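Structures given as structure tokens follow.
Both complexes below contain subunit A, partnered by subunit B and then by subunit C.
Here is the complex of A and B:
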């Protein structure tokens, strides 16, 4: 059965402050599906999220932390949060400064859990 | 060769009596150009044979290049000219730790702490010693935690360790391996934050199966890395990393 990427992404975009969410093949940074506000660039989000998240995960691997379940990057004006699933895939969420990291984190883990089930 | 190294090289060539040779050697060291760094500082010391800062820097270059005996000689020479020299004393404590003499390393760092209570680097190093000096027999290592590293570490923008360390429960030091990966991640984070409209990046984190990792840039040229096992909640790890980053910022700024 084809995974319901669109449904999972739509759920994520309902979280306050979320500008968009994409499913990314992290190995090549290609967006497989996306739900984005007008004006947001899903391809750029996929490429940049894939690159930074894979780098952070390599650091985590070097520390022997085991498989990553969630990665985030915070800036002064917002955050990027990602969770891997299904081997090389990840969901990346881009949010503005009004977003609550805890809520985005929970919604993302729920979404990944739903896709992995 | 970077522009600042070119400019410093030109400045030192134009005025060989200038103390700018210290800046040039330090920039070469941070770029891991150890041989030219050593040459620059040794030539400078020919003009300033009693300059403790020069011998201290020479010690750091030797140490980074892996020549610990030469590093010890240089740091002892620095202390001969200035018995209170901070970097030389830190360096010798580091060499004690590398040699497995934890008691001597602790004594050196505690003396430094007494003289420089506000020095975040010394505090971080002492915290690292505290983590290491727990008797192995008292540590319960779960099978899946045996390769997990823990600790707090400050590195420069070339991935070279400035203070602290990360050590696996099994004993292996993974500081350099983690630093090498995360310095690259730091650059990617800055780029991604800028291009995605997130502003200046503040921190990043990984939550993983057996623990968590948190990174904070205390300054644009440095990275604070904290790793804890899964008993530390992500929010607390973030707080600890941010606290250590604030102390590191003060220390880095005090270094000029």
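Here is the complex of A and C:
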């Protein structure tokens, strides 16, 4: 059965301040599905989030922390949250700096939980 | 890295650093090598340049058959190393890039930074060049001349 990527992404983009979300194959850094505001570059988000996530997953595993469940980066102009699921896939969310991190985190974990189930 | 045109060096070095690609070959569509990184023998550059130009030409012919305007990028994913062949349409004609990368990076990242490189090359490219127009018939001669410049043979 085809996973409902679009449904999961749509739920994420309903969170206030979220500018877009993509499902990424982290091994390739390629977007499988995306829901983004006009002007946001889904391919760039997928490539960069995939690269960061793969390194962090390897790093946290090597440090004995176990596999990373969620990663977030806060920049001057926004927030990037990513969570892996289903082996090499991940969801990356791009949000405004003013977005509520707790709500973004909750929605993201909900989305990957639903897709992994 | 070795370049025929010095203005290419800086953006190409940045591309290599950001994409973590292993080998890069930048040529004109007539076979003149503009820059290369990672090749140690002129013979390898000659083979890669000819094969890359051939692949782009044959996929262009397939695109014609399909009624498409052409393929800008071709990706070959291998188990240990992968390859991207990409074209940049410049005011001086079509340039071809051949990028080889391993598992330390991803096809998405290499494509992302290739697009950045293409924009930078177009922005920096000198408006005029005092060289005769290149033709397919002179491919081998142009390739040989640029290899002599790059490898000093």
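Criterion: the second predicted complex is superposed on the first by the 117 of 117 C-alpha atoms of A that agree within 3 Å, B and C clash if a C-alpha of one lies under 4 Å from a C-alpha of the other, contacts with A are read in each partner's own complex, and residues count from 1 in each chain.
In the analysis below, a contact is a pair of C-beta atoms (placed from the backbone, for glycine too) under 8 Å apart; a residue touches a chain by one contact, two chains touch by 3 or more.
Computed from a predicted structure; not experimentally measured.
Taken together through their common subunit A, the two structures put subunit B and subunit C side by side without a clash. Contacts of A:94 after superposition: subunit B is touched, whereas subunit C is not reached. Comparing subunit B with subunit C, the partner in contact with more residues of subunit A is B.
Once the two complexes are overlaid on the shared chain, A:51 sits against subunit B and subunit C alike. With both structures placed on the common chain, the touch criterion links A:28 to subunit C but leaves subunit B unconnected.
Rounded to the nearest 10, the angle at the Cα centre of subunit A between subunit B and subunit C in the chain-A superposition is 80°. Of the two partner chains, subunit B is the only one touched by A:70; subunit C is not. Once the two complexes are overlaid on the shared chain, A:42 sits clear of subunit B and of subunit C alike. Using the contact criterion defined above for the overlaid structures, shared-chain residue A:84 touches neither subunit B nor subunit C, since it reaches no partner.
The gap separating subunit B from subunit C at its narrowest, counted between C-alpha atoms of the superposed chains, is 9 angstrom. Counting contacts as defined above, subunit A residues 44, 48, 51 meet subunit B in one complex and subunit C in the other. Interface of subunit A with subunit C (complex): residues 24, 26-31, 43-44, 46-48, 50-51, 54.
The touching residues of subunit C, counted against subunit A in their complex, run 77, 105-109, 111-112. Those residues of subunit A lying in contact with subunit B across their complex are 44-45, 48-49, 51-52, 55-80, 94.
Against subunit A, in their complex, subunit B makes its touches with residues 144, 147-149, 166, 168, 174, 177-178, 180-182, 184-185, 188-189, 191-193, 195-213, 215, 225, 227.
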